[in-house]
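For clarity, chains are labelled A, B, C and D in written order, and residue numbers in each chain start from 1.
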Amino acid sequence: MWEKRMEWPLTGVAVLFLGAYAWPILQPSLGSTGRVWCEVVTWLAWGLFALDYVVRLVQSPDKPRFLRRHVLDLLVIVLPLLRPLRLLRLVAMLNVLNRTAALALRGRVVVYFVGATVLIVFCAALAVLEAERPIEEAGIRNFPDALWWAVTTITTVGYGDRYPVSGTGRLIAVGLMVAGIALLGVVTATFASWLVRRVEEVEATSQTVTRAQIAELSREIAELRAALAASERKDL
Amino acid sequence: MWEKRMEWPLTGVAVLFLGAYAWPILQPSLGSTGRVWCEVVTWLAWGLFALDYVVRLVQSPDKPRFLRRHVLDLLVIVLPLLRPLRLLRLVAMLNVLNRTAALALRGRVVVYFVGATVLIVFCAALAVLEAERPIEEAGIRNFPDALWWAVTTITTVGYGDRYPVSGTGRLIAVGLMVAGIALLGVVTATFASWLVRRVEEVEATSQTVTRAQIAELSREIAELRAALAASERKDL
Amino acid sequence: MWEKRMEWPLTGVAVLFLGAYAWPILQPSLGSTGRVWCEVVTWLAWGLFALDYVVRLVQSPDKPRFLRRHVLDLLVIVLPLLRPLRLLRLVAMLNVLNRTAALALRGRVVVYFVGATVLIVFCAALAVLEAERPIEEAGIRNFPDALWWAVTTITTVGYGDRYPVSGTGRLIAVGLMVAGIALLGVVTATFASWLVRRVEEVEATSQTVTRAQIAELSREIAELRAALAASERKDL
Amino acid sequence: MWEKRMEWPLTGVAVLFLGAYAWPILQPSLGSTGRVWCEVVTWLAWGLFALDYVVRLVQSPDKPRFLRRHVLDLLVIVLPLLRPLRLLRLVAMLNVLNRTAALALRGRVVVYFVGATVLIVFCAALAVLEAERPIEEAGIRNFPDALWWAVTTITTVGYGDRYPVSGTGRLIAVGLMVAGIALLGVVTATFASWLVRRVEEVEATSQTVTRAQIAELSREIAELRAALAASERKDL
């Protein structure tokens, strides 16, 4: 299978992409040779991601369904603004690590979302820094500030000491806010699901009683049957 | 049925209304002829919405119940401030598109709320811009800023770089905040419902056991009955 | 019963208290005679609330339990800062109105919390205005601003264009924030409960099958019994 | 058992640690002798916590499992930044108080989280004050401001009138925001669990019907058996 075999190589490509994407943003003093190299790696990674998408599309038996289910994959490849989202592949990797760890459903949901949140905050900080740095009056001008802003946004705290002013920066912020609402929803839902379950377990005793009654019924019917059989044997 | 037949025409009217409402706000330099035309379309749309309300009221068999259940419809027609809410009819349209798509309950809830949220943010941005533009010291003075403010408000982030200062603008903001809380609630609840369900599915095996036991009981009773019938036949 | 008979009179006292509490805050230009009257009404209302607490304590059969269960009642009477909370009695009144309306549990929870939220926002705005007005550099200096601040706080938006600076004002703010978190929790939980229920209803068909099987079992046993009775009658 | 016997002494050590940690922060004018004493108590408490960790590690039968399950304990001891978290031991104490009070699961969750929240807010205010005081342009310069900031952060309101500017202060803020999201999740989930349960109780009548039918079945089988026995006796 293409997808299985390409999982690890593409994750490696995603890590390289992350490095090539982050380096020129974190090192504004980087020389032009370094910048060109990062650009080349970024484009190569893009090519490999696009190739992977095309191969998977060609190999899929139900093509319209594949297109419908992988809309995000296509957008991530086509839109330059969504470039940092290509790193979500690294979250997909948690899937693999996880398969061996054999966690329960709730545990897996938590691991996914913590991983995705950390990656989203990191990439959003990089992307917003890239978008805001050329603007004179911007408040976000170095990576610690960008990271701090990303965290206050995803948690919906929003102090307002730093905020993006460019259009691209604001689009990234909207994405972060949506992610923040989803994050809050997942945390709450996971805990609610755990609590509902625990409370039900305490009340499960009454259901066990019902089950015991059914077992009792079965036993009585068996005895009844034996008695009938005995009475028949006597009749003969 | 009036309601069924008027669904599509009234949606068309709502789209026209949206255009006539948004145009003079987005184009402050619009000439007086254009403004008059937009005004005329807005009033015509209002007339059609009011007519639709009256016809539905006259046709309903239980009039007090209709009045109670359509309070919002009446408010939207009577109060000029709630004008943008007339566009919620467009969300009602999702209902139609959806009927064909045959989504599950949770899917429908998600589609509704995403549609409603996008429409609410867009209309609130228009309405707040209309309310704030005449004020000298207002921070919200163009559409991108208004949209940015609406998103930071509905997600309850609230940076505070832009905020309404007029009474009307603040009322719109309160509506957006309430919508934001509802949005957060819906996201969380939908995910919680999905998670609770998935966890229950895993535990459903124990219930299947109970059902198997009942099937076993039924089978034994049938056999018992056959034995009794046989014993009776022998008696004859 | 004291409690039943005093319900309506004490609600009237609470309304009077609200008027006497709000008037001097909303009308800073109120003369000293008006202020004295408001003060008198406030103290009389306090006396009646205290009397009601004492009578209920004396009449209760299990006094330690009454003290434990009505800690908030006592605090509201003893602490001058919690004065506005005496108006929560008005929310308790929703209870009465509701009893006749015969709403379902979820409906009642919603009615309570909407009523409580509106009252809390209104009282917090009054209380914060009283606390902040004497301070020179305070941002909250009139009632519309106080109301606007209260709404941005309870929804956890927190623009930061207005915020309390006095100790009392900040304490009121903390109360509002806690109320806001509770409000968000109630909205989400109510919707989650509704959604979980609706999804379960769809899946309830499989449980109905089980119930139908039990009915089938009962019918078969009845027939079996009739057959046995007939066989006995024939034997005679 | 070491753990049982050391519970109360270590809680006493935690209280001492809290005093020695808070005193020099709350009293910036404290003389050098007082500072040295506080330093000594802090280090002694650290020594005892480290000793407790080592003893528990040595006594545990499954050492790798102990290491995995007590990662936070180790971090709290090793990282100087996490010093205030040592006070979480005081929350663990609620466990003991609670065991006697015999609360239900939901009640216990509420008590834990209220206790933990108050302690986290208090310690975060202390820690942020310690981190921000040396910085010239910081907005958090006294304990009431620090406490106010901590509350606006954990509730995700985030006015932005005060915010940390140092790296350490921002790290503490991130911790508070995460705690705030968890808090919101717990409040919502607890209420949702209660509401789901209450709604189910109302619908439990239909399940009681099923149980009554099973009882009816049992009774009929017993009668059937008696009739069979009687018929057998007559046969003899």
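Here is the rule we use: contacts are C-beta pairs under 8 Å (C-beta built on N, C-alpha and C of every residue); 3 or more make two chains touch, one makes a residue touch a chain.
Fair warning: this is a prediction, and the values are worked out from it, not measured in the lab.
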Sharing more than half its contact pairs with A-C, counted by residue number, which one of B-C, A-D or B-D qualifies?
B-D
Name the chain pair with more contacting C-beta pairs, choosing from C-D and B-D.
C-D
Could you please state the distance in Å, as a whole number, between where the Cα atoms of chain C are centred and where those of chain D are centred?
27
Chain B and chain D: spacing of chain centres that average the CA atoms, whole Å:
38
Touching two or more other chains, which residues of chain D qualify?
156-160, 184, 188-190, 192, 196, 210, 214, 217, 221, 224, 228, 231
Help me check something: in the complex, which residues belonging to chain C touch chain D?
105-106, 109, 153, 156-160, 163, 167, 170, 173-174, 177-178, 180-182, 184-186, 188-190, 192-193, 196-197, 210-211, 214-215, 217-218, 221-222, 224-225, 228-229, 231-232, 235
List the residues on chain D that touch chain B in their complex, please.
156-160, 188-189, 192
Any idea which chain A residues touch chain D in the complex?
144, 148, 151-152, 155-161, 183-184, 187-192, 194-196, 198-199, 202, 210, 213-214, 216-217, 220-221, 223-224, 227-228, 231, 234-235
